[in-house]
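Below: a set of structures, written as structure tokens.
Look for chain A in each of the two complexes below; its partner is chain B in the first and chain C in the second.
Right after this comes the complex of A and B.
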């Protein structure tokens, strides 16, 4: 079997997919990043390699997500793309004709508007992360319910309570207040879902023309309570695609297919990178008052990339162009 | 005698004029160092919480000059044209700065041209008399400062960035060609003190250029064009700076060679929240690619990079679609 590897390293989860040449998802792995992007990517690669049949050939690799630059260096990626493009590309493949993508991840949320298969508008949350996955995670932990059951419980609500969704901290005080007044757990959870949806539509979706088909993806789409709250607020059916939680990785793999079609050869280092020893570290450069925090990645003892410096003194020294700044 | 000028706020509009004026009167002009982490940290420490990011940064620049100069030039810019105002935070700026300790004397004249009868020349005379009793010398310095400013504006209208125009004025142009071909053109609309300060804008214009986009700003558009375009609003704007941004945005949105528009606002800017909205609505009605960026204190560059990348992907995608590829 031949195919393409896509990796999405986000704040909360790291996802890997393997697409066959026809663009069908053959394997998908969802892991928690847990603050260790390198170890998680290596773990994911090992797991993926084990699941795939022997003699599989990776014809290209693409990476996306906030950890894309690091991962790109790690695995030798053919494309390093932002999440918005990756999500749009994946949705277009899995849900033909999609016009609106609602995506809520661990620490960011975005809306992508497509018309005739082309992105025409998008927005990301600006200076506030209220209502993203991390907040739901934290509230589930506080209420002592597994995050997987959050949505199911919310669906049992009879009359969702009103909760302020503008700010995560105030939403929490509101929830505590409602609990102390004696409101039921399902009603509170459903109220929270509605508040987050309201905040999302006012903040990220402000002024956007939301037309069907609407796709809801990202880790938070696992929460059926959120999907239902979206349907209620938009008065439109909302589709949660089968691979909603790994859409970024699917997009990255598709983009890798495109890139390799152009270049002809892949830069993918192979599954053996799962066993390489990577070391990262950072130091503060004292060359000027900017005091940039420079990050350094070393593979088997030799530096393969540096980034974070504004002037390029350190990053260009390695001869790599894959840097954040 | 040394006169210090903070490299912030209206510096980007008037510096060549101010410098020529003081130098003609025999003073030495000292500019604060370009913004760094330290400048911003100083500003954040000493400014009141509710002002916007660029005003906080201004505090840092003033403190950078302390101990190095005899005077700091800090005019109270109330109004620079008939029936229009500069932002209210600029009005209070000299008073906020005066509260700081250990500063040299401030040259804090009021510039208010809101009504025609207030004469700019009286102000010029007051500043000049600090350096000389010779009225003719002041008049000559004024004349040549206006000439320099006009030259600076002409260079900007040719498409140079302020730093490039200043280099031309100083005869410091290197061998590198100033313009090279770009695959697409993008308008960047925002206050000059946000977009040209490469520290707080995280090198926005430089990044766009690296990604293959030529940058067009409001400073490249002659005043007359800005005015006539801003006059398309149903009601006259009374903010000078807002009028410039609206006028430039409307002008660029009409131009077929400009493929997209990036609006840059600083967190906490009141006028920007309104001009940004007006521009966004106009762009949306024309279905032009639009991106809103909010600058804040955070140093994480990933957020800006992701949005810019996605924006340019969208612009390229749309162009390819229009070309029928």
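Right after this comes the complex of A and C.
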């Protein structure tokens, strides 16, 4: 079997997928990043290699997500692309004709507007992370319910309570207040879902024309309570695609397929990188008042990449600077 | 008197020239850095916008270098910036940095108000000399702007990574070092030659992006996470809705110099979307968006510091401009966060989107 590898390293989850040449998802792995992107990617690669049949050939590798630059250097990626492009590409493949993508991940949320198969507009949360996966995680932990059951419980609500959604801090104090007043857990959770959807539509979706088909993806799409709240607020059906939680990785693999079609050869280092010893570190350069924080990645003791310096004196020192795009 | 002033991009170059021409002892604070921000955040009120915190940090760092007098711009109107000089002065006093404060405010009626304030700084220098000093500073502002426009062109086309940046800082230094008006022509020529000497790779038409928004975050690279540089390196040609010389002309020289883009014209373009002054540069932001859309730019990016009221007003109006002129507009809000991953992601995606649109549009045109 031949195919393409896609890796999406996000704040909360790290996802790996393997697509066959026809663009069908053959394997998908969803892992928690837990603040250790390198170890998690290595673990994922090992697991993926184990699941794939022997003699499988990786014809190209693409990476995306907030950890994409680091991972790109690690695995030898053919494309290093932002999540917005990756999500749009994946959605177009899995849900043909999609016009609106609602995506909520661990730390950011975005809306992507497509018309005739082309991204025409997008927005992303800027200063506020209220309403993203991390906040839901945190609230689930506080209420001592597994995050996987959050949505199911919310669906049992009879009359969702009103919770302030603009700010995570306000939302939390509102929730605590309502809980101490004796409101039921399902009603509080459903209320929270509605508040987050309200915040999302007012903040991220502000001024955008949301047309069907609407796709809801990203880790938070696992939460059926959120999907239902979206349908209620938009008065439109909302599709959660089969691979909603690994869409970024699917997109990265598709982009890798495009890139390799252009270049002809892949730079993928092979699954053996799972066993390499990577070390990262950072230091503050004292060469000038900018005091840049320089990050350094070493593989088996030799530095393979550096970034973070404004003048380029450190990054250019490691051979050719990886062009970030 | 050892005078200092807050940083705002390359403002230090014309300001230092102007003051040194008048034999004022000038202390230029170190460029805004994480330390500056940390000092400002520590002593400034949490709810103030980032420019206040950076100003404050600049003053504390200048004080460490021996400055005892602050020269600062003021303002009037709904933006709280007008009050910042006083607030900052009070905070400095509280933390034991007793410094004298001179606020240069946009003249309410005519330019003489400003000249009187400047006389306060310059003592017994003749008015003629003061006017010459302003001219000298203004010349430097023009030269700096010329270089900035050039670097916007060169950055996306540079053949060697980092070459344009090195040339730019070298050229800026030449302008900064010109000690008298007589040396300016030569410095300008040399600086221009340095910029022209950057090797460029051949390229087709690039994506053109206009950066608009609040003045401080527009002009200070530390405050906007070097937005223009990121855009350039991602392959976009940039223009900015505001340059130093334009601002100086509009606000300090009362529009004396003709032939520059003026804020009055920009505001006129804001109609019918926003027909009133809303403080700061809110109306200019809307007007610039209209102007750039008409000029055929591919996309627009609005930047402003978190909680900036005039720009929030503008932001809520911009989607209308965007849909009327069919131009994508991205808003970036700047605050203390220095992690660049998020910014990089948004810019990359925005440029992807613009490039795709440009391609499809060109296909249709053919």
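Keep in mind that, in the parts below, the second predicted complex is superposed on the first by the 321 of 325 C-alpha atoms of A that agree within 3 Å, B and C clash if a C-alpha of one lies under 4 Å from a C-alpha of the other, contacts with A are read in each partner's own complex, and residues count from 1 in each chain.
Note that a residue touches a chain if its C-beta (ideal position, glycine included) is under 8 Å from a C-beta of that chain, and two chains touch if they have at least 3 such contacts.
None of the values given here were measured: they were computed from a predicted structure.
K.L.:
Please tell me, clash or fit, for chain B and chain C sharing chain A in the overlay.
P.N.:
Overlaying the two structures gives a clash between chain B and chain C.
K.L.:
Touching A:66, do we find chain B (first), chain C (second), both, or neither?
P.N.:
In the superposition, A:66 contacts both chain B and chain C.
K.L.:
I'd like to know which partner A:311 touches here: chain B for first, chain C for second, both or neither.
P.N.:
Second partner only.
K.L.:
Quick check for you: in the superposed arrangement, does A:290 touch first (chain B), second (chain C), both or neither?
P.N.:
Both partners, chain B and chain C.
K.L.:
Have a look and say if chain B or chain C is in touch with more residues of chain A.
P.N.:
Answer, by number of touched residues of chain A: C.
K.L.:
On the A-aligned overlay, A:22 touches which partner chain: chain B = first, chain C = second, or both, or neither?
P.N.:
In the superposed model, A:22 contacts neither chain B nor chain C.
K.L.:
Once chain A of both complexes is superposed, is A:85 in touch with chain B (first), chain C (second), both, or neither?
P.N.:
Both chain B and chain C are touched by A:85.
K.L.:
Under the stated touch criterion, which partner chain does A:122 make contact with: chain B (first), chain C (second), both, or neither?
P.N.:
In the superposed model, A:122 contacts both chain B and chain C.
K.L.:
Identify the overlap between the chain B-contacting and the chain C-contacting residues of chain A.
P.N.:
Residues common to the chain A contacts of chain C and of chain B are 66, 81-85, 118-124, 126-127, 207, 289-291, 310, 324-325, listed in rising order.
K.L.:
Which residues of chain A touch chain B once you look at their complex with the stated criterion?
P.N.:
Within the complex, chain A contacts chain B at residues 66, 81-85, 116, 118-124, 126-127, 207, 288-291, 310, 324-325.
K.L.:
Could you please specify the touching residues of chain C with respect to chain A in the complex?
P.N.:
30-31, 33-35, 161-162, 165-166, 226, 233-235, 306, 319, 328, 330-333, 335, 341-342, 344-346, 348-350, 352-353, 356-357, 360
K.L.:
In the complex formed with chain C, which residues of chain A make contact?
P.N.:
Interface residues on the chain A side: 66, 69, 81-85, 108, 118-124, 126-127, 206-207, 289-291, 310-312, 316, 321, 323-325.
K.L.:
So in the complex, the part of chain B that touches chain A is made up of which residues?
P.N.:
Contacts found on chain B: 33, 36-39, 199, 203, 267, 280-281, 284, 287, 289-290, 292, 294, 296, 301-303, 305-307, 309-311, 313-314, 317-318, 321.
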